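Below are structures written as structure tokens.
Two complexes are shown next, each including chain A; its partner changes from chain B in the first to chain C in the second.
Right, the complex of A and B next:
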């Protein structure tokens, strides 16, 4: 609606009314300022100090950032975070899509099986992590029992520096594939049937149907799932902390884990704040990238 | 504990405490006599702070549970109303730092672990010196005998200048759990030296049968005390008189190599990620010949519903190393906040919490290993006391040879982290000397900064 044309007779009244409207946004603004803007600015401020809880703070300017740039552990943590995120997005995405395709078909017991498949999602992450920790145990765990009972060599799982991240991703994938499945299933259900029918008439096979019709049509839903998974994977903490605590050594130490150590185990608040700032920059960059990709994948509009 | 009475260094400790307890005039006398004398005047009275309130901050642990459970007893004894809060260790440590830092903590009494918080508390003067209270005959309970407290615990409770900042409460010396059946099957005896530990591990290691010669913590941070158990026996230490780390000396490297050998050759695969619980699981199943860890695991090991090796567990005192026989010690204590406005009631609570009855309850509930030797005697008289006698003997012997298992510094978590990573890397094949040098170089500035601040 256009306020200007309506406002002709009683402009003053409307202007006053509009001021009233602005006033109404105030509570929201205050809340946002208090819980988002202020902590953010305070973090930025703290990142310029050398401050350990319990000691005096010294202003150090950008020294915290300069130190981070040469902190091997931090740089490795960034690499681990990306590695973990990549796997923890791609694997559930592929598996979830496959599951959705299966559950989209009509077969007996579909409803029950769908419900069973979504159950992992409802479990508490820490409880899930604890159960997996037991299953990963190289001598007593059920996973190695299964491997050896089919004649495969046992693995060290999360106890090996090389396999720890893929193993952690396995837990994430088990936990969150159902979420991707639900999103994609919703997408599949909403698709029009005409394109499929015409493609069939044109003689498309199952694989062609999937790659040329289904996949492009559900792309926006996949994108949605990818965004949600990325957010979850980047901020993953509980699974890693409970199962490996970033180990063995620092082999699975992500930014979050290192950040937690610096802030709440070593109490280096200045350094931790600087890490948060860098982490935030990385997340913003990642978000922009995703938005860009999403814009290109739009099939409506 | 009789040999401890003859220990000359204990006499020194006692004398220092007596100095604290009865002033310079009573030098050489036992604190007990000063207290008895005071008691004769009838001055001590549990009820003297009747009607006051007290706030206590405890750590969530079986010991915290006990103090909370029997709190009513204290309230009835003294007429003091107690509000106690019990929160998980990690959060409790954070809360303590933040609240002490504010200058107005919500608690008067705090239970804390020496190996993590002692230096931090001392540096900031967050705890109140107890000597004036110990000295005051009207305030010290008649059963507060310091010669009843284990030396290791008292050392932890005191500052180098003689101030008594807390009462020690629970000890956790490190011992070797050994599976007697596995040892007997190969005709191997319990090791009497470090070299024999390695030899025994080599002989008993039998991967074909799924039996490891040795198991212990490999997980970074958690693993440091395993190494320091060896380090102390090699005559090594943490920091010299000038505040420089001595963690890359030949002794340190030798002990790290011993850790590396045991953990990479004779321990199960994946041990680099083991904490105490994974180690315990393996040992409980009879799949490990030796397990080096804190003393507090007798209960699960002797519990037939959890353990396959009930009655077959040996509780071994850490054998002598090339230079010394030392059991790495961890401990917790209980102190009063220097900001407290209710120090009298707080002092009564400290004495109650550390009395023989409460200490014996700890033993009976398998909630820890008391500092007071009288508690062992009391607990063993009870019919429902289940811990084997061998465990009690091991505890008493270990407490007598115990030394702090970690440096008494403020950034102890960072120390454990940095050296823990070095140790984990060693299990995975890195060179011990290189790793220790790297860790030492990395940690020295952190230490310098913390001691300067």
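Right, the complex of A and C next:
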């Protein structure tokens, strides 16, 4: 725009500059096209074929999708995924907010303790999952020892069809509560002080202060944490795969685990591709739903 | 509270002072307790991991559990390096994550600069969609492609796949960082006849070193932590550490001590790197990283 108002040499100068910037992005664009865009398109294409690795591919149109709609195991996997996601979003959100309220205060050793608290977030999920597997062991695991030593009955943990998903959520919450804490802590740090002061002058107690002032003010940050957590929880793989492999039976088999089996245990690449398309649609739909809620409640900060 | 109300009617000032001091102490203790409750799960899991790795197998399987190694032994670490080729897998991980990070820097840093100066904000939408895509949807096509090219079970295939993780994170971090840099110096260099490339190379890039450090560490960590790419595309000789440790668990029925030792070998480098980028982790995790799964 400003280029048009300038003299001719200036316009050429700016155009050359923009071309220079575009050239700088070119190598990355090539890489992204090869490893990210190509897989997207290929997946979409393969979802229309019946294709097992080592055999010829047959075009079947939308048959893969029609089959998925009546695949009981797939439908159950969707239910497991939603159950897991609900718990793995709500629990870290509540625990992370409480932790943020604590870390928002000044106290001795705050920096070090916050660093320790955030360590699980970066720890290699497979390594941590191995340790949890040992802790969950019904006979020799340390968790049952802790339960029984405070007088509670021992649990079968991941060996029980009822408890396997809550147990896995426990590991997921251990990993990702720190992320929610850091997001909310950033929110708390950015808050203005006046609403708190005036509420205190009006005689609000700590609890009222939290529910009527703090919570509405940090809502946009909670919403952001909820979106991120939802995307990650729906896609959770490492923890479930290492600790329960979707079992016992198929009690903790999520879409991602079933998808893995179809692709790399049964080599049904066509069917697996169709599952990826449905799975991706579910993730985008959930993300859009949460963003829509955020818009409706004007929680955009 | 009960004590306070019982003492309150007494009009002796010393008693009042004692009550308020008690109250303050009680509040402090409650807060300390809250801090302990919040931090202990993180500490205890890591300590238990350490404890398992330093104990003899007999103690690891004891019930009630033995909490403190008596005496601590490094035998488990020696075992995983000698009998489970942990050294080879460590090297594989180093090569795969190292090259994937280097390539990402080579293409991602200039791209981040270009995007920042073009104000091409739509490209970040692409990164966001990549963030939402399940990792398996990258893996199925790339597996098929590598099969066709005869590249399955090679480190090359692993490096290429890990670019899915490293390139978006470097581009995202760098674009954000270059946007915060003042443009006056660059303008001066361009008006003096410098090309876009020389301005980038000699003016902007030296200023962006802190951003490059953060991008490098985050890309390396996410690549290092990735499990599924190595598990599917790696062979017995080429798999990365997380995939190797998982295989040891399922197929060789390894004892708890060596397993915990292996888990520490995998995760310790990451925890050390994390110390350097405390503040930037959130940005990396919320927007840029294509994580496992």
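To be clear about the criterion, the second predicted complex is superposed on the first by the 258 of 301 C-alpha atoms of A that agree within 3 Å, B and C clash if a C-alpha of one lies under 4 Å from a C-alpha of the other, contacts with A are read in each partner's own complex, and residues count from 1 in each chain.
The rule is simple: a residue touches a chain if its C-beta (ideal position, glycine included) is under 8 Å from a C-beta of that chain, and two chains touch if they have at least 3 such contacts.
These numbers come from a predicted model, not from an experiment.
Engineer: Give one of first, second, both or neither to describe whether A:283 is in contact with chain B, with chain C, with both, or with none.
Structural biologist: Touch status of A:283: second partner only.
Engineer: Which chain makes contact with more of the residues of chain A, chain B or else chain C?
Structural biologist: C
Engineer: Who does A:140 touch here: chain B (first), chain C (second), both, or neither?
Structural biologist: A:140: touches chain B and chain C.
Engineer: Is A:156 contacted by the first partner chain B, the second partner chain C, both or neither?
Structural biologist: Only chain B; A:156 stays clear of chain C.
Engineer: One more residue to check, A:264. First (chain B), second (chain C), both or neither?
Structural biologist: In the superposed model, A:264 contacts both chain B and chain C.
Engineer: Touch test for A:53: chain B only (first), chain C only (second), both, or neither?
Structural biologist: A:53 contacts both chain B and chain C.
Engineer: Is A:247 touching anything from chain B or chain C once the two structures are fitted on A? First, second, both or neither.
Structural biologist: first
Engineer: What residues on chain A does chain C touch that chain B touches too?
Structural biologist: Residues 53, 139-140, 264 of chain A touch both chain B and chain C.
Engineer: Please name which positions on chain A make contact with chain B in the complex.
Structural biologist: Its residues touching chain B are 52-56, 137-140, 154, 156-161, 164, 244-250, 261, 264-267.
Engineer: Spell out the part of chain A that touches chain C in their complex, as residue ranges.
Structural biologist: 16-18, 20-25, 27-32, 35-36, 38-40, 42-43, 46, 53, 98-99, 102, 105, 107, 113, 115-128, 130-135, 139-140, 142, 145, 149, 174, 178-179, 182-183, 186, 224, 228, 231-232, 235-238, 241-242, 256, 259-260, 263-264, 269, 272-273, 276, 279-280, 283-284, 287
Engineer: Can you list the chain B residues touching chain A in their complex?
Structural biologist: By the definition above, chain B touches chain A via 90, 94, 97-98, 100-101, 120, 124, 210, 218-221, 268-274, 278, 281-282, 285, 287, 410-411, 413-414, 417, 421, 424-425, 427-428, 450, 453.
Engineer: Which chain C residues qualify as touching chain A in the complex?
Structural biologist: Per the stated touch rule, the residues are 31, 34-35, 38-39, 41-43, 45-46, 48-49, 52, 61-65, 103, 106-108, 110-111, 113-115, 117-118, 120, 123, 126, 130-145, 147, 160-161, 163-164, 167-168, 171, 190, 195-197, 200, 221, 224-225, 227-228, 232, 241-243, 245-246, 249, 256, 259-260, 262-264, 266-267, 270-271, 273-275, 278, 281-282, 285-286, 291-293.
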